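These notes open a run of structures that come right after.
What follows is a pair of complexes built around subunit A, which joins subunit B in one and subunit C in the other.
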Partner chain A sequence: MEIKIARSELQKGLGLVQGIVERKTTMPILANVLLSVEKKALSITATDLEVGINGSYAADVLSEGKITLHARSLYDIVRELPDDTIYLKVKDGNWVEIKCGKSNFKIVGLSPEEFPALPTRGNGQTQRIDATLLKEMIDRTAFAMSSDETRYNLNGIYADLSGGEDGKTIVMVATDGHRLSVMKREAGSGWSLPKGIIVPRKGVMELKKLAESGDDPVDIWADTKHLIVYRGNTTLVIRLIDGQFPPYEQVIPKKAKRVVSLGRNEFIHALKRVSVLSTDRSRGVKFSISPNNLDITASNPDIGEAREELAATYKGDAFEIGFNARYFIDALSSIDDEQAVMQLGDDTAPCVIYSEFDRGFTHVIMPMRL
Partner chain B sequence: MLRSWPRAIAHVDADAFFASVEQAVHPELKGRPVITGAERGIVSAASYEAKARGVARGVPLHHVKKLCPDCVILPSDYETYSLYSKRMFEIMRRFSPIVEEYSIDEGFCELTGLRRLFHCDYRGIAARMQEAILTELDITASVGISLSKSLAKLCSKFRKPHGITAVGGRHIHLLLARTPLEKVWGFGSNTVALLAKHGLKNALDFVDRPESFASNLMGKIGRELWGELRGEYVYKVSAEDADRQLSISKTKTFTPPSADRNYVWARALRNLESACIKARRHGLAARRLVLHLRTQQFEGAGLEAKLVRASSSTNELVPVLAEMFEKIFKPGTLYRATGVVLAELADERPAQFTLFEDVGHALASERAFEAVDEIAERFGKHTIFLADGAVLSEQHAGERGLTAERKSRPLKGETKRQHLKLPLLRFNLRH
Partner chain C sequence: MPRLDITALERELAQGKLRPAYILAGEESYLAQVALGMIKDAAMTCGTQEMSIFTFSARDASADEVLGSLRTVPLLGGRPLAILRDGGELAKAGRKVLLDALTGYMEEPVDSSTLVAVAEKLDGRTRFAQLAAKNGAVVECKPLFDDKLPSWIGIEVRRRKRQISHEAARFLADLTGNDLGQLTQAIERVILYAGDRAALELKDIEEAVADTHQRDIFDLTNAVGERSLSKALSYLHNLLENGQPPPLILHMLARHFRLLSKAKEISGRVNDRTEAASYLGVNPFYAKDYIEQARNFSKGELRESFRALYRCDREIKSSRLPRERVLERAIMAIAQKKGAARNTGSAR
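The block that comes next holds the complex of A and B.
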């Protein structure tokens, strides 16, 4: 293998895979990237066996071939090289020579035969989706994913890509068992991909990165084991979580006993201020709701207490309920509404937040006992 | 050069605590070899007279009878021991408010700056403390005083029983040179083996190496112990008492051993109930549950489970315990002990409700156990217990029919459940 490639092009390709290569792996090959040259292009592949990514980049091909090199070291070298053409040649014993301007490197790689192959697409059509829409759906759900490794089935976003009855609506859901975020959106038509897949956290992050990297649409394909995403010359392969997602629809209350609405921005800032005095672990704050008024209070035996009064639209009896302030801040920050509308039951029932502008957004937060 | 007393930490360690307490409540046993643990079938504690005859902790009782036929073997009376323990810590608190109850029979006490108050040096303060324990409780304790908890602990072991060892900054090296590695608090057999490979023989060799040696080899713990042994006050004496427990462990040995699934399960369940009672009393809830079973051959098997939500309601934990029990119980094996640990304890409140469970059910079971605790308060612990525990025979009567004397001979008006929380001296007045 022997190529000449623009430094910027190689840096872009290597930069894209850095988030995926495993730093602390028991398989040394996974810390490497696979560089393979066919026809007119250099293809760069990295995987941690859960998420794999492949991109192809224009290069001046002198001879075809393959090699794997330590991803981090190669990236660090390329980043510091002068902005010029890089000459890269594989020599005997997996040694690679890199030349650029007056710099000259010789680094050793591992045999490309050892590099695990990425899963490939099976039968069925890909489905096109708008990148901005995809990013929005991830942004309004991903924050609710669980990071508790013992609850592996919640460590990702659940997606229903079947299109529903009309083949138009797709759903994404995330929960950590304390809160639940649901996004339903119309996304073109003719959806017929699997119904209940769970995309792991790392896959979600890479998918979001890919969706953010430009405006052109994304093509996706999935079966019960993998989700494959195409955008331009880049392919992202995600191994799905093999688990049952809890029956999320059942926990969304159908009827609201109490409805409270208030300015979203003021609400977020008040929560941020008051929660400074909630205890570190629980972030518990108390809402005291009375007609046209919402008081937020928090107290911490080590520091002191805080109280903030907010004007709110509410008709009904006065009552109190405890919540983790963090959960409200997360949910309310993800939407763009002027007003925050909360639907509440009694003090052990979940609170539901809808968005007026994004009708597909539903968020459920369980209360706390303070 | 380290000043002699930039800080003074005392470690008070009661000598042969359980046996000494028995000798204190039964004065006629003074000077005789005394052993506690009759209900367990092995030695829990041995008095110095028994130790002199070669009896050590953990030795089976039939072996003891051969070693020392005139030995007095008593069932354990934990209630009296814990009363004595409380009083010992109370005595320590008279000297300094910063007292850490490290276990039932040992504790740390921060003495820095108390010399002026007591008009004597730290050794003198230790002597007074020891004197108070001896005159008021009639038990002996050994005291070690030094600059850090680790050093104080080494000191108290240095002269026993009824010894005082005070090692100031200038003399630490003399103590460390005489301390083999395995005696250092925090060095297990693996650490000792590792250090021995680097040519270390005693604690002085360890602190003579640079700090980086300790941290490279043993990480944060290594760096901390290295500092502690050099007289740095790394581990603080924490005066917070048992209220801030990190875990609650309940283990009971039963004799004779049993291979009966229902019986062993009932034992495990009873431990769970006891641990939950204690957790609720302290307003704590556990995130992690551990079960271990020990066989007749002293082999152990254990499992632990992480809970979705912290809990101290017994019936919420039972299904988890049952699942673990099914996994580790081997039919046909004789078991001699079960243990349950509630770990990752946190305050019950604030408690986050979870989405995918029935909140009403969780609240109802919490209320049920509030009622159970209330009944226990009035009629005694385990008055109400889970039905699987019914196979256990009468509570507290050991399988050997041995109960502590304090329980078998109640005073007038006392019941088994309700009695004065006072240790009673047992001796006959002769006219």
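The block that comes next holds the complex of A and C.
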């Protein structure tokens, strides 16, 4: 293998795979990237066996071939090279010579035969989705994913890509057992991908990164085991979580006993201020709701107390309820509305946050016993 | 201040009493695992669901995660159950925030939630442990003494919807020893052997379980003191197979007979166990055994025993005889009753 490639092109390709490459692995080959040259392009592949990525980059091919090199070291070298053309040649014994300007490196790689092959697409069509929409759906759900590894079925985003009854609506849901975020969106027509897949946390983060990397639409294919995403010259392969997602729809209350609305920004800032004094033991704050008023209070025996009064639209009897302030801050920060609308029941019933402008967004937060 | 053993915990949970906090303290991890299983099962019957069980490690869990899971109403309802593993880590300086938070929580735990902390070692003097014992319970998960094994076997058998007599349970305990993991495997084997039969019998155990009990040196010295020759020889072989050095065995036999001689001196004169223990220089719990065993030997026999042990010592150090044979001969000389010895002698 012998190629000449622009430093910026190689750096872009290597930068994209850094998040996927396993740093602490028992399989040394997974710390490497596979560089493969065919026709007029350099293909860069990385995988941790859960998520895999492959990108193709224009290069001046002198001879075809393959090699794997340590991903981090190669990226560090390329990043520091002058902005010039890089000459890369594989020599005997998996040694690779890298030249750029007056810099000269000789690094050893591993045999490309050892590198695991990425799963390939099966039958069925891909479905096109707008990258901005995909990113927005991830942004409004991913923060509610669980990080508890013992609850592996909650360690990702549940996606219903079947299109629903009209073949247009796709759904993403995430929960950690205390809060639930649901996004339903119309995303073109003809959706017929699997109904209930769970995309793992790392896959979600790579998918978001891919969606953020430009304005081109994204093509998606999925079966019950893998989700494959195509964008331009990049392919992302994600192994899905094999588990049952909880019946999330039954958690969302059908009727609201109490509705409170108030300015979203003021609410977020007040929560941030008051939660400074909530104990680091539970992050709990108390909402005292009375007609046209919401008091947020927190106390910490080691520091002191905080109370903030906010004007709110509410007609009903006065009541108190406790919540984790961070859950509210996360949920309210993910929407753009001027007003935050909360639907509440009694002091052990869930609070539902809707967005006035995005009817597809529903967020449920469970109360705390303070 | 409730400190429960596994039997008391089982009884309490069967009555539907689920406390807001438990500390499973002790180095017998299998026992802790079983206790945790019992609490989980009981919580499930009180409405806990898989979604309302949260597992943390005291190595890296943050206080707000653990307390948040106890104080927050679970999404799918039910009673929250927070399991905190590696509880021994709480004693480390870096985990003080978590310990303080848990101590604060224990002052007034949420009645409708349950916290289970699993700790190999627990400093009972900490405020956390004291509050946990006051407002919840500390479940002892220490290695079980031999006398507690039959009732433990009873619990395990009942959990598998079978029955076992106390005699059969004692026999099983004697064959397997106090390694609870091995004991559970042995129970599984007996159940498989018994098939559909609800009651596990002595003969099932005889057929299905091999003698894998790793004896300790005190089993041997007690068997010799009880003049139970077959047991003593069987324990001797077990110890030698497990790598116990013959000089150590001999040393412990000599120590045992020194104590029996002292016990013989006070036999009939000192009735108080504590006083006897103080004279013998042993724990009062064991003093009774020495006094009882001393009754098995006359003063002359005890003198003969020391002669036999002396001969054994000399032969171990100087003769070419296999050490196992030398020890066997000493034990036979000591443990064999007079009549039996005479019989053996006449037979020779």
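We take it that the second predicted complex is superposed on the first by the 369 of 370 C-alpha atoms of A that agree within 3 Å, B and C clash if a C-alpha of one lies under 4 Å from a C-alpha of the other, contacts with A are read in each partner's own complex, and residues count from 1 in each chain.
Rule of thumb we're sticking to: a contact is a pair of C-beta atoms (placed from the backbone, for glycine too) under 8 Å apart; a residue touches a chain by one contact, two chains touch by 3 or more.
For clarity, every value in this text was computed on a predicted model and none was experimentally measured.
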Joint occupancy of subunit A by subunit B and subunit C, clash or fit: clash
Which superposed partner A:249 touches (first subunit B, second subunit C, both, neither): neither
Which superposed partner A:114 touches (first subunit B, second subunit C, both, neither): neither
Partner chain(s) touched by A:309 [first = subunit B, second = subunit C, both, neither]: neither
When the two complexes are fitted on chain A, the stretch of subunit C hitting subunit B, from 78-86, 204-212, 312-320 or 330-338: 78-86
Subunit A positions touched by subunit B in one structure and by subunit C in the second: 150-151, 175, 177-180, 246-247, 251, 279, 281-282, 284, 322, 324, 348, 350, 364, 366-370
List of subunit A residues in touch with subunit C within their complex: 148, 150-151, 175, 177-180, 246-247, 250-251, 279-284, 301, 322, 324, 348, 350, 364, 366-370
In the complex with subunit B, residue positions of subunit A that touch it: 150-151, 175, 177-180, 246-247, 251, 279, 281-282, 284, 322, 324, 348-350, 364, 366-370
List of subunit B residues in touch with subunit A within their complex: 306, 308, 346, 349-356, 359-360, 363
Contact set on subunit C toward subunit A in their complex: 51-52, 54-55, 63-64, 67-69, 71-76, 97, 101, 104-105, 110, 112-113
